[in-house]
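Take a look at the structures below.
One chain, chain A, links the two complexes that follow: it is found with chain B in the first and with chain C in the second.
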Partner chain A sequence: MAEPLRERSAIRRLAAGIGLLGGAAALWVPGFASPYNWLDLLSSSSITALFALGLLVVLMAGELDISFTAIASVSQFLLAVALARQDIGWAGTIVVSALVGLLLGLVNGAVATWLRAPPIITTIALLNVYGGVLALISRGEMLYDFPDFFTYTAVARIGGYPLTLQTIALAVTAVVTALMLKATNLGRILRAVGGNRDAALRLGINGMTVNLLAYGYLGLVSGIAGLAHAQLLQAVTPGSLIGRELDVVAATILGGASLAGGRGGVVGTLLGVLFIALIGNILVLSGVSPYWHQAVTGAIVLAAVAPIAWRHARPALAEVA
Partner chain B sequence: MTATSLDVDGLVKSFQGNPVLKGVSLSLTGGRVAALSGLNGAGKSTLIKILAGVHAADGGEIRIDGATIDHQGSGAMRRAGIEVIFQDFALFPNLSVVDNIVFADTVDAPLGRSRRRHDREHAAAALALIGARLDLDTEVGDLPIADRQLVAIARALARETRVLILDEPTASLTRSEAARLFSVVEGLKAEGVAVLFISHRYDEVAAIADDVFVLRDGSIVRRFERGAVSAADLHTAMTGAPAPDAVRFNLSAPADEPVLEVTGLARVGLFAEVDLTVRRGEIVGLTGLLGAGKTELAEALFGLAPVDAGEIRVEGVARRFRSNREAIAAGIAYLPEDRLGLGLVLPASVSDNVALASYPALTDRLGLVDRQRKANLVSRLIHGLGIMVADVEAPIARLSGGNQQRAVLAKWLATEPKLLILDCPTVGVDVSARGVIYELIRDVAGRGIGVLIISSEVEEVWSMCHRVHVMTAGHLAPAVVPGSGLVPLAELEAAVHG
Partner chain C sequence: MSLSLPDTPSRYRPLGLAATVLLAGGLIAAALAGGGGFLSSVAYQLPEFGLLVLAMALPLIAGGINLAILAIANLSAVVAALTFGAVGDSPWLAPLPLFAGLATGCLTGALIGLLIAYLRIAPIIASLGALLVYTGVGILATNGAAVTGLPAFVPAFAGQTVAGIPLIALIFLAAAILVGVLLGRTPYGRYLSAVGYNETATAYSGIDTARIHLVAYTLSGLLGAVAGLVMLARFNSARMGYADSYLLTTLLAAVLGGIDPNGGRGRLLPLLAAIVLLQVTASGLNLAGANQHFSAVAWGGLLLAKLAYDRLRS
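The block that comes next holds the complex of A and B.
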């Protein structure tokens, strides 16, 4: 299950960056080395990681979906409404979140394929549609009245440390995504479509099916991310997830995926998310103003993505006007 | 087992009422190689697209071993054992050699588990069939073109391919790579595969084909047996007119003062120690294989790419261009290879396109365009170059290919350049339309403009240029003068193809 060369180099770069950053922080940033800090880091970055794994599959197929935060918002809102009326238990909770996500993801896939417009435009429009309708229906009111089963943070304990729902959701999604991309022919098809869509269609691949699969998978995972987020905060504020899209895109690209399609892997993506989460964590612990977080994260992502972009850059061939 | 037979019978196809194929019939037999020759626009690509299942024919039949293929689609054609390898190969650059070769198995079982060992054995066997030694794990995008072609052929052979169609397979190969391809094709013959080889080059057709079909204006006009075709016959059949000999044009003598002097120009990894001079009114040719660095050199001369060392002088003044704007200001014009993609703004009007590079000269002190001067300039150039256009305000996309080429030339002549660089000026232009372009180029040189022609077609630069440089792997050989009669065409060909 070796990763291709380019993905391996992204993984190496990230691992080195994380090692340096983590090592320095462990020495100089008070509180960083505590296991509770790491567990906290894991729980809070698992939402981003879930989105990133779903997005990886879409990017792999050479597509792009920006609306996943809105899908997660819709699904957690509907979940909160359902939980307020009836105790549907864990099974029902998971099914509701996953189904709502899957359904919206399939809508995205179908619309993006039919319109054939650049998917970034289509899905930004869909993000606004979902976000707008959600704001109208929910009137922006926060929902926080959950049944008991939903309020326990630790699902199990290992050696005294809590194993959270977020961590389990991430682990399951990571394994499923890795299996799909590596151990089945589906992964090869997704990668091929991302590498050369025309050739894949000519060789008998159905473009609509592949897109429904990719967008649908991101939708499903986004639904689960919405559930994980609601459980972590014990509240659903409609639309509070919206606005985190670009962080997720940045982490995924950092992890070796490409906006041009056909590249990336699960390990790289997880490291990309961890890298960005680590920066945020260190800034928080160092007491830096939160306004700096965005600026610093943005700058580091730029610096990290630049060598990738340069490699793909073609000589300037612009005509003069 | 009897040999495979593919019969195409009376195939008809039109696009928007425009007949492209008017009843094409041909037959292929297992263990034989057939060549299909024809000019651009003769219908070759339409025919093979139908055989690939990309288009369905409007009428006629395709039979394999006597059985008619009913639903013409890519699946049906592939099930019938027909594989077409297009010029782009339809490979996946980001997948390994193995994954590319066994891709069809993947498509057949999209939900199946990937079987690494089985796939490797299968791919290795397919490569062994054509005697290709390639690393199975290399990503195809990292392979040279010739090896990618072998991967595409191996992929076709990885399933039961009985008819293999190769679309101009030698277009981007060197001589030795082409020779290797020919031996692969000979091997396929021995395996009993029926091969259709698209080519309009006589030397290839003569070397490989058992049968030669010539397509002209949507019909098969001639069929030759092996050994019964001469270069002149093939040309006559393709164009409908007898072939002219390769003749050198009469060129007017250039002036003495140089327009462009390049010494020791280098760009790391692309070209080095390039010395080049172009005089007023002189046509200088630059030829060599694809990838020799010709286009890269031209881009550096036009300021589109930086140089690492050396000097460029334009009319005696040393220049270092940081952008193409500076190159244009210094009097250099550049006509790129992809004339449609890079040279024209297709939705814009003819007049806007022609004036596009001259706006600095057409604007007044307030930065507004002087419409009267623009109209004068456009009409002068359109008449001067004989561009057939009813309305200069109509989108340029409506013009024919030849007229578009002239419009790009007009755009650059409007800037009154001192040096015109033409990158593959006749690429994609068929034999009969080339004469017009050659005439235009000679006309440009006659006005005292220095011309640098870049072309992979040796005969073109041999017949068109005062002096010719051969470029090999980034190095430029000293110029030869074909005009003196001392350098025959064959000798120049040998210098390029080695």
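The block that comes next holds the complex of A and C.
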């Protein structure tokens, strides 16, 4: 039972890291312990966390898709265009974002599965196609001026603290993803396909269907992430999300998911995102150059993955991390 | 020990023919449209791109990928530029910055190789982590700005010609020939393909696959550094983030050039044809005033089309 062990050890180490880092920062970094800083941290990392949860499902199936930032960009652009014409309300807003994302996700799933090339190469191509078409159509112009309902920061308040759309979207996605992976047959199938694709396919599982579900889910969540991002900034700058995809991959891998598939979970993924966001937050608050963030993130991901990969390495040398 | 691999020349013939026809057509059209000035601009732009494709090709053949080639190229150029700043304008000391840049490429490439070969980290993750670290270090060292103030002989170097051919094009050609010999004429080339086809079988054949990976990524880093130095001379400056859009086009050139994205296959001549073809097309698009987003769509679409073509043939 190596899989739950690996997941639990990732969670344990991340929790310890976050505890130590947070504890030290609370003592020594002024401003860190303020609840507003935490709310800020939550809001700003919620977009990354949404992407990471969607990506987790794709990684679980042993696949990879890095075009999700472009999907989110297309979906938020179309949403902004729709909102500029008509007040479609929250329901319409969510449906438009989710549908556009789902559709592009399904396209990705079909293309990546059928081509049988490494999905990183296929989705780098798709990322450029989506991003390029978006830039051509939008001419890079920023869209703003949304209907009133879309502009409120706090959707509700709990004990005086604002409950933002980003927080709600993240909470709902986290619960849905966790339930899907842990409590449904679909989650078991995803894990099975990711754990051993050949064996799962011989059991009669349709690989294309599973991939469509996984890529489609990432697309849908990306659409919602695009919506959350547009609401947070109150503006849609085409392509402004593009370029963040590798950071999301890093956070998800840090959270215990594996490119080899079949491993990872919602808690680990969220902790992975939180850990990286925490480092950035502390660097900024303590006045250290934020330029350190990227270098530190990369080093932490490598340091986290190396011992796991090493432990799982077999003499026949299959790749693990 | 001898090791024989599936022979695949028949797969290349129609592809090679198609590439040659396209290439000839493209060159003729380009020469008609832009004249000699166009061809010379291709000759100056091609080397950095070609070197980066070679840097991407070796890991791909081994069944891996190196997402960090641009970070390595730029970091090497930054190190060389900073060293130029330290040693001053004397041409006699110029080998020092060059050596520093090339050493940076070898070391950063080798580090990725070590992670993959000995810690068994998947190439995507290893090169992604390295990409973040190298970019971060490079930005820290330069505060994200371009390093300028290079001695005058650096940009002059980029303009030098030998018998009418740009010196940097000859450097690329020399690197390409060395890679071609390595791939086609040495045991290492065969082992590299073997690792890409089936690493487990290769390991059980008694070949030290870890060393094959290590060498592949070290050479990838070295080729990236040469590309970085060429860019340093051409742009007369170094900055993290230069030419980041090359990640897609290097993959495209490698796949168009007959390298199996799943690893194993790779030969120099089709690769060279793809490099020239793409650079001619890119320069042509540039000349025609196409914007970069149009190019991104075209390159992405072309990559998908090539993968679909291969899928339909298999």
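FYI, the second predicted complex is superposed on the first by the 308 of 321 C-alpha atoms of A that agree within 3 Å, B and C clash if a C-alpha of one lies under 4 Å from a C-alpha of the other, contacts with A are read in each partner's own complex, and residues count from 1 in each chain.
Basically, contacts are C-beta pairs under 8 Å (C-beta built on N, C-alpha and C of every residue); 3 or more make two chains touch, one makes a residue touch a chain.
Here the structure is a predicted model, which means the values were calculated and not measured.
Trainee: Name the contact category of A:G187: first (chain B only), second (chain C only), both, or neither.
Mentor: first
Trainee: Could you look at A:G298 and tell me whether it touches chain B, chain C, both or neither (first, second, both, neither)?
Mentor: second
Trainee: By the touch definition at the top of the document, which applies to A:V95: first (chain B), second (chain C), both, or neither?
Mentor: After superposition on chain A, A:V95 lies in contact with neither partner.
Trainee: Which holds for A:V249: it touches chain B only (first), chain C only (second), both, or neither?
Mentor: second
Trainee: Looking at the overlay, what does A:A33 touch: chain B (first), chain C (second), both, or neither?
Mentor: Neither partner.
Trainee: On chain A, which partner's contacts cover more residues, chain B's or chain C's?
Mentor: C
Trainee: Give one of first, second, both or neither to describe whether A:A199 is in contact with chain B, with chain C, with both, or with none.
Mentor: first
Trainee: Can A:A154 be said to touch chain B (first), chain C (second), both, or neither?
Mentor: A:A154 contacts neither chain B nor chain C.
Trainee: Across the two complexes, find the residues of chain A that touch chain B and also touch chain C.
Mentor: 315-321
Trainee: If we count contacts the way the header does, which residues on chain A are in touch with chain C in the complex?
Mentor: That would be residues 64, 111, 114-118, 120-122, 124-129, 131-133, 135-136, 246-247, 249-250, 253, 259-260, 289, 291-299, 301-302, 305-306, 309-310, 312-313, 315-321 of chain A.
Trainee: Inside the complex, what are the residues of chain C that reach chain A?
Mentor: Touch residues, chain C against chain A: 65, 67, 115, 119-126, 128-137, 139-140, 143-144, 199-200, 203-204, 209, 247-248, 251-252, 255, 261-262, 291, 293-297, 299-301, 303-304, 307-308, 310-311.
Trainee: Which residues of chain A touch chain B in their complex?
Mentor: 4-5, 182-189, 191-192, 194-196, 198-200, 202-205, 262-263, 315-321
Trainee: Considering only the defined contacts, which chain B positions touch chain A in the complex?
Mentor: Against chain A, the touching part of chain B is residues 52, 54, 74-75, 78, 88-96, 99, 103-107, 109-114, 139, 299, 304-305, 324-325, 328, 336, 342-343, 345, 356-357, 359.
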